[in-house]
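Next up: the structures, one after another.
What follows is chain A paired twice: with chain B in the first complex and chain C in the second.
The block that comes next holds the complex of A and B.
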């Protein structure tokens, strides 16, 4: 069912990402201090917001999984963390480039936002190894949800605490937006946020669709009595399989 | 069958774990030895004879945190390997009593380790006298230990029945413990300032207490799901 409407969604996403790039590169004014480099802001900040929101959303999906015991919620949570991890890596890379340009260093320790983001990424980097280390799929799903909820709660708390450390150099994005970003920059920023949100949702739905198709194919093959293409002992996997519940829709 | 009172269950579990430790000495001696060795490592690694301020506070707390990992990795091993979990789930006891018992065990371990490690640190590395820092440091030790115990008891249970428990325990718990480290290290740093102790910022005790409380609630809410099989 996940494939429904995926084509129009993909087209809208591609169009809004393209529009954002054009607007950011040609329409938005150059920053007075940073010049052209400031344009990376339109990619970096929305990606970071989406990464963190994705982690929190994965925690909420994990709560739904523990409440309903429906393995599809575990799959949704897994895919959300997966997409957010990929987004997070791009945030670290674009952030590093920005830091190098603006402050002259690839990494700056006295900036709480940067440090807490790295901390969150290091925590979530253990999500897949944790799943991989548990063989029983039902227990794997349950333990992964416990992790996703704990880590999802950690994200906002961690940001609040690390921010208490005294030194600030990072621009306070959201307060800047309402405060002193000039009009055009503000429009482009919200456009970028919208486009990247769509990108996250589209990628999430693509992966969900792929996982469901794979599960359904496996189930149909089993019904036909075909030989499994994975010979020998069953391989361990970090990804939820959906087969253990027998319900694929 | 009537349900036994939670306090009875917690005390029984606590007694069992402490008796196990007294018979096998699996965790405590290792933790104490590790702490003193770590101070030596810092002495040679940093090439300093005495520490004060931020550096002293950081060295002390990083050492205690790493020593705590030894206990976090071990605290559920007997339950996982010798059927303790199964027996406990079959008993009519409330599930969360096990979490509470393990938190208390970790708190006791940490207190014992600190009885060794803090004086050793004062003798080996600390430049100002320990006595000036001790009164306000006790609060940091209590709230810091509480944070380590809460997160350790949850992550220990999460990691113990995986195939890479020795790796996953530290990898998952260390990022979660960074705010605790930040809180206690910033709290005690002015106490270790060289000529005379500086003032403690009030926000660190508050932040630590809040963090401990939030993760305590999360641990109690989620622990049941780690036990059912």
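The block that comes next holds the complex of A and C.
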């Protein structure tokens, strides 16, 4: 189900990312203030936007899980958080590289944008240990959904508070007051945002397909009575099992 | 402040883009390995089911 159309989507994503790379490095003009270093912006900012949007999307999927009790929504939420965490790590790395070039420091502790993003990342870093700590799959899914909703609600609040705070050193993007992008820079930025959005969706579907196939395999093994012979008792896992409600479609 | 010259800013930009592509590549490689393993197991199990069905059909005759 999730693997359907994954190949064309992957090809479109790869082409979009390649086009963005070429446009960012060779077509977009150099920034008057930061020069060539500003090119990091085209990968760093869309990744940050997608990370936060992914966390909010995971919260919405968790709401759907609590409403329907369908374990597939828990799986979708879990995968969304997983992909967003990977994107978030990339944001921290690319941001640190940019900060080193622009400010001469890998990290600045007195900037609200940086510290708040780190807080969000640390908050979501507790998601997997929380899941792993709960043995019963249904209780695990329920608690994880409550976490995803609470943390997902914290993300836009955190974002709004940071925007209201006085700007220290981190530049503001998508703002009418400052940081508005001229002409070609804006085109490349939106192209990058589109490409990174496609990348997020592709990776999400890729992981969903992998989880779906793994769940089908486990179910088939159980039906064949192989589970106890080859793998021993069911191991505790942070990942949703998808099998406790008997549905993997 | 004058913008950083290309020879100074270049390694930072290259580093950021390489880090991004490397992380995505590692993730895709891990997922592809898992997916391939699961698909192989799935086809083995499907084959096993078919064999069992065939043998039960033969026993029924």
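As a convention for this text, the second predicted complex is superposed on the first by the 231 of 249 C-alpha atoms of A that agree within 3 Å, B and C clash if a C-alpha of one lies under 4 Å from a C-alpha of the other, contacts with A are read in each partner's own complex, and residues count from 1 in each chain.
The working rule: a contact is a pair of C-beta atoms (placed from the backbone, for glycine too) under 8 Å apart; a residue touches a chain by one contact, two chains touch by 3 or more.
Computed from a predicted structure; not experimentally measured.
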In the superposition on chain A, see if there is space for chain B and chain C together, and answer fit or clash. fit
Report for A:86: first if it touches chain B alone, second if chain C alone, otherwise both or neither. second
Counting only touches as set out at the top, which of chain B and chain C does A:69 meet: first, second, both, neither? neither
Comparing chain B and chain C in the superposed model, the one touching more of chain A is C
Check whether A:164 is in contact with chain B, with chain C, with both or with neither, and answer first, second, both or neither. first
Using the touch definition from the top, say if A:21 reaches chain B (first), chain C (second), both or neither. second
Please work out whether A:126 is in contact with chain B alone, chain C alone, both, or neither, and reply first, second, both or neither. first
Nearest approach of chain B to chain C by C-alpha atoms in the superposition, in Å, rounded to an integer. 26
Quick check on the complex: what are the chain C residues that touch chain A? 1, 3-6, 8-10, 12-13, 15-17, 19-20, 23-24, 27-28, 31, 34-35, 38-39, 41-42, 45-46, 48-49, 52
Chain A to chain C touching residues, read off their complex: 21, 25, 30-37, 39-40, 43-44, 47, 86, 89-90, 93-94, 97-98, 100-102, 199, 203, 206-207, 209-210, 213-214, 216-217, 220-221, 224, 226
Which stretch or stretches of chain A touch chain B in the complex? 66, 119-120, 122-123, 126, 129-130, 133-135, 139, 142-143, 145-147, 149-150, 153-154, 157-158, 161-162, 164-165
How about chain B: which of its residues touch chain A in the complex? 154, 158-159, 161-165, 167-168, 171-172, 175-176, 178-179, 182-183, 186, 203, 207, 211, 214-215, 218, 222, 225-226, 228-229
